[in-house]
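Okay, so subunit A shows up in both of these, paired with subunit B first and subunit C after.
On to the complex of A and B.
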């Protein structure tokens, strides 16, 4: 590795990180120094700033994608148009979360903590940026930790609620444990290869034999990222944390951190351990995907609490996202995964948007409370129905196409074996199981003719805006599913390796 | 030729459909009706202009050396399967499509106008769903126009289904009436079943030929003009060659081409209500009467005839297919005429008469051969299609006026109406004379040509069809006398006397009656012939055929005069003389019962019930057991989510170790 003298131009390579940092500083200064009476504008301000960042990202992507290809800090940090696109996709999700959380953030309880929520959220997002851009495990761990630890504080924001504390404690303890195992694995890797650069690890492993040490190291690394993605059996924290955390935090946790972790996972496995694909990690992922999809589904069947229900649904969805990782960075599969993440953001945030609105208005969270909702709140019910249809993968909604593409992606690699067909078949069978529980919600809302305990109410402007955006995404990406081929062109032009 | 007018001919009805369908409920009934009439009126003018351009402009695109050519105005690729095989949407002008443009727009405009009066009650209150009615009429007109100008068989099929759908919508217009609902379903299912044959036929044909275009199937390009084609017998020879070269399999004694053509004809049988697929048409009379006039008398039901005429050069290659057409047509013609002699409901009499007359056209196509009178049958069939559309629409609209005045479909409620409804009476009489074939009304000319064509082909066909022609005269005048004569009209207490209807309803009657009087003198052979060469009818005219057919018609009318002019016991005596024949005719030879038996007893009981059992027990059972297993599994893994963080960490560790362990076990 050549020695590079560091200068300020290195930082200029990190366009999106700098943009995010500016947003963070503005929010921080606004929160810290402006009088309390102007604080109500903070949620809107954050959303607008993030929206600007997102739009800038899209414009760059469309106008001059090559300018986004940068390397900095002796190759520790890499940005390509594909990575920038993933960050922009995450930004889209963050904007929606921010819009949906305006009401909650402006509630009287949150008055003193409003700034904390936004600052922590932006810090974790920064961590996720680093996770997907890192090409050195040191930077990756910094990213991982800054994406994890503040989340514990966010989970605990609702400090008057017992569950919120419990969730935070469970989260921080398991996260610490997971980090420990992850670092143990890394130390093994360092010991075996003598470097923490992805490229060097790849080079060192090329031609070297497989030994027990390496297997354990890889299993530990996989588990560390699998924890963030809540793959079974590293998922056990998910349900308790999703249920205990404030709904806005849960929705952020369920989509953004999952999307970032999945992509980072792909980068690590392909760029550092790509050698071991056929021998090791393909089969580890194979087992994890089957377990994750199936166990997530089996638990989701029984859930009555909507947030808990969505927690297990998101466990199972993570399994589908992983189908994009298992193809060893094939452009089609990568594009399919990014498309899946985008669609999943819209679908899941639509569901959380409805749940959040209902929770704020009536405090109801049980699926039984949703019985007959169509009669009292028809528009929310329709939004929820679309979200469920999209999550279940019913055409013509976006979720159908994202599932279709991710299956195609998993099978598109040259020389794909029977095992992969079996995997896709199992995933397909599991969509039927998932259809059952998603439709349970629809059935409760539309078919049950009980008197609904949720009174008719009018959701706030920001909640409606958030839902309109997500519903537009669910329908729009279903109709404009050719957007996938745009992503495909991008990933084919700028491959991961 | 400029594409604007052809596009407008299709676009205006479609726009009207969308406008009235979407915004109809926002506008008043009157506005919707006037909009519909104006739209159709515009299309009428444009279609007349287009037809006049085609027939009379002398443009070299449309004719060279006195031969009429097929001209593609535009042809847009819609779906491309292979470079040669693409579904295109276009506009084809040739003698028969130009003639159909005139027929469709004329009848459709008359019906639009007529419905302004018909679709309201005696107090002038518009019926519920009036705008919807006009929207559907526009949809139908659009579909029918698209069908006749199709440049390829697939476009024809698309619009073929669209007319079927709009017919379904219009038959079921009174959707609160169970009989209308079941009639619309019946029409849709029967014609759809027939269209299955049509589709298979298209697939067979295109599989071997690799192309859907009529230009390729039935015509050959004119050297100097890219978009213009001439029909000639040589064109299908290369199709015949394709089938000959491919060593096509023979199935049940028929070659592939025969099967393709017969299956395509099956689609035509469904739409044109040929036996045994005729059962939907009498029931379709549940729709409003203007709909019956437009769809079930003049335009949609002749689509089958049009289809055969369109593919006529192909049919010429397969004599078997033409013989099948002739036989089916001949049997249907006689059957429908016999049934029409006994029905009570005036619309049903007209419906069976329609079936019989379409069968005339089919027979005429079936007996057309270039070697007999230069395919007179083709020209005669198209001529009869034209004249029949006019006088049958007239008869239906008259029936509508009577039904509107009386409030019943049954002639026993009518009798002796001639004094009360003079306009309707005279126009109905003209319609009857035309259909009976009395000179100089239009039906005489076209029917005479059909009979000439039959005689040229085979004397059995001639005698058979002459007999049907005599029956036609008889049952039509039976209907006429029973409605307008028989006995004095009884006006019920509290009812005012029946009277002629408003001008919107009477004007179309008068116009159509006038057309029926003069249409016979149109030199039709000059305009339409199978290969575009002008046809000199007089060279093939046979005075003896004309004299005999006139004599038969007069005899039929005379018999009706004797039996039904005033109340007497003759009909009763006649019925008692041949009770079995009468009962069979009255019950339409029990075709409906036969279908009921086949569908309910054999299909539902014999096939569907075992399938349902299999579905319920085997398939559902398997699914249920899957669901049960899933549920059990879900129950079994519950303890995993204990809520204790120690356990979470424990499972985590186990997971990592298991992952490593399994991999190690596999590899090392």
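On to the complex of A and C.
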């Protein structure tokens, strides 16, 4: 084997990764070397830096999308405008999470750990970038692990609360278990095809029949990623972790890591296992989606804790996101999925913003405590109501359009059969079920005329800013649905295959 | 070996023993990669490299999990998973 000197300029292909790394280094140096009295500015600084990164991403996307098409490390790393757009969508979510967490990060308890929270958060985001850009399973596994391990540390951040530890241990054990299963599947794939490059695997599987080993391998890979996405039946960690983790971490976990994992899942299935679409994974996903949406909805109905309630709601939302994967990378479906992720970021972060503000002010988390909230805190209740309407998919809010597009996307696969219509019908029926429990919250806030246990309070400037952004996103994306056609043009110009 | 690890993970009640079982599973995967590489594709080193990285990742996982378990021990004074039932549906 000849020895090739590595060309270090190819690192420059990773534009967004480099940007994120610079943000990370600045935050790290600030945290390490600046005196304690200037540390209070750290959350704001991180948010501003991430905002700059996001704006740069949007500008690049609008002005010169073709410059974002890059390949590095012999095809291990690929960036296209579609992938860059997804990273920018994740950035938008991260900015909102950062804005919402300012108040929590400046509380007396967090004063010692402020820097750690932001550093870990940026590292996990870096891992997610690698996950969506990887075209080789080694890079993918590294991205997956660096996205999920620091998250366990973030879940355990709240050292004084017992639930935080319990959630962290449940998270880390299931995460390691799932990645072990995932890597077992990979080893079988490697044994069958002799490569870990996505396109080599695709080529090796072309024309090869389906054997038992391949089925086991694919099932292991799907269940490994399914754990990260909390698809039923791999969802058992979700509710406990969401409930135990600090609220800022929960909101990050529920939207950003889920969005990244969903897109990476699509890339793996289409680019590496695309040959097995009709034979194997279409039906695996079919079963997973029905189970995920239905079980998530049914369990959400009986939850009393708001964070657990949103956990199960996010399980069922993950099922809807998967509808964008099942049509084998059709451009419309990919665009619909990205739009869904963006809308989901806004709606879920609005809900978590309200919950976080109320938790900080009064410590209340139970749904019964929200009864009559409209009398004491009308603005927060309206924000919560909009979030619930959007999650349930009531027009004219963004959630309706994202659901509409994702159903369209699921039916856009070539040669779509009756089975897919049945799947979409089941998803539709489940939307109506979900309407029931989302409206339970609205009913508790507006119609119940009990004396509300939550005192009127004024939320801090950062929390209000975060809520204004999310509410603007919910309403704005509902009205300006042309944004979807922009994404659609993008995915059609740069298809995944 | 992988099956042993899964069995151990499911049946053990001590968190350290569960972690050991997880290590067993990860090591099984590593051996799987090395063996496939050595006997099926002796010309390349992809599996070997994957194994090297997987070992590093497994070490990081263990360190983090041990740290969290120590936290639990401080709070609870034991590390039996049956005690971790404060949150249930």
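Observations on the structure shown:
Assume the second predicted complex is superposed on the first by the 492 of 497 C-alpha atoms of A that agree within 3 Å, B and C clash if a C-alpha of one lies under 4 Å from a C-alpha of the other, contacts with A are read in each partner's own complex, and residues count from 1 in each chain.
By definition in this document, a contact is a pair of C-beta atoms (placed from the backbone, for glycine too) under 8 Å apart; a residue touches a chain by one contact, two chains touch by 3 or more.
What you see is a predicted model; the values in this text were computed from it and never measured.
Of the two partner chains placed by superposition, only subunit C is touched by A:153; subunit B is not.
Contact with subunit C, but none with subunit B, is seen for A:165 once the two complexes are overlaid on the shared chain. Once the two complexes are overlaid on the shared chain, A:299 sits against subunit B and subunit C alike. When the two structures are aligned on the shared chain, A:51 is found in touch with neither subunit B nor subunit C. Judged by the touch definition given at the top, the superposed model places A:411 against neither subunit B nor subunit C.
By the touch criterion defined above, A:240 reaches both subunit B and subunit C.
Residue contacts after overlaying the shared chain place A:21 against neither subunit B nor subunit C.
Once the two complexes are overlaid on the shared chain, A:203 sits clear of subunit B and of subunit C alike.
Residue contacts after overlaying the shared chain place A:290 against neither subunit B nor subunit C.
In the superposition on chain A, the residues of subunit A contacted by subunit B and by subunit C overlap at 169-170, 173, 177, 181, 239-240, 299, 302.
The part of subunit C that touches subunit A in the complex is made up of residues 2, 5, 9, 15, 18-19, 22, 25-26, 28-29, 32-33, 36-37, 40-41, 44, 46-47, 49-50, 53-54, 57, 60-61, 64-65, 67-69, 71-72, 75-76, 84, 86-87, 89. Residues of subunit A that touch subunit C in their complex: 137-138, 141-142, 145, 149, 152-153, 156, 159, 162-163, 165-170, 172-173, 175-177, 179-181, 183-184, 186-188, 190-191, 194-196, 239-240, 243-244, 299, 302-303, 308.
Those residues of subunit A lying in contact with subunit B across their complex are 169-170, 173-174, 177-178, 181, 210-212, 215-216, 218-220, 222-223, 227, 232-234, 236-237, 239-240, 279-280, 283-284, 287-288, 295, 298-299, 301-302, 433, 436.
Residues 627, 630-631, 633-635, 637-638, 640-641, 643, 645, 647-649, 651-657, 659-660, 662-664, 666-668 of subunit B are the ones touching subunit A in the complex.
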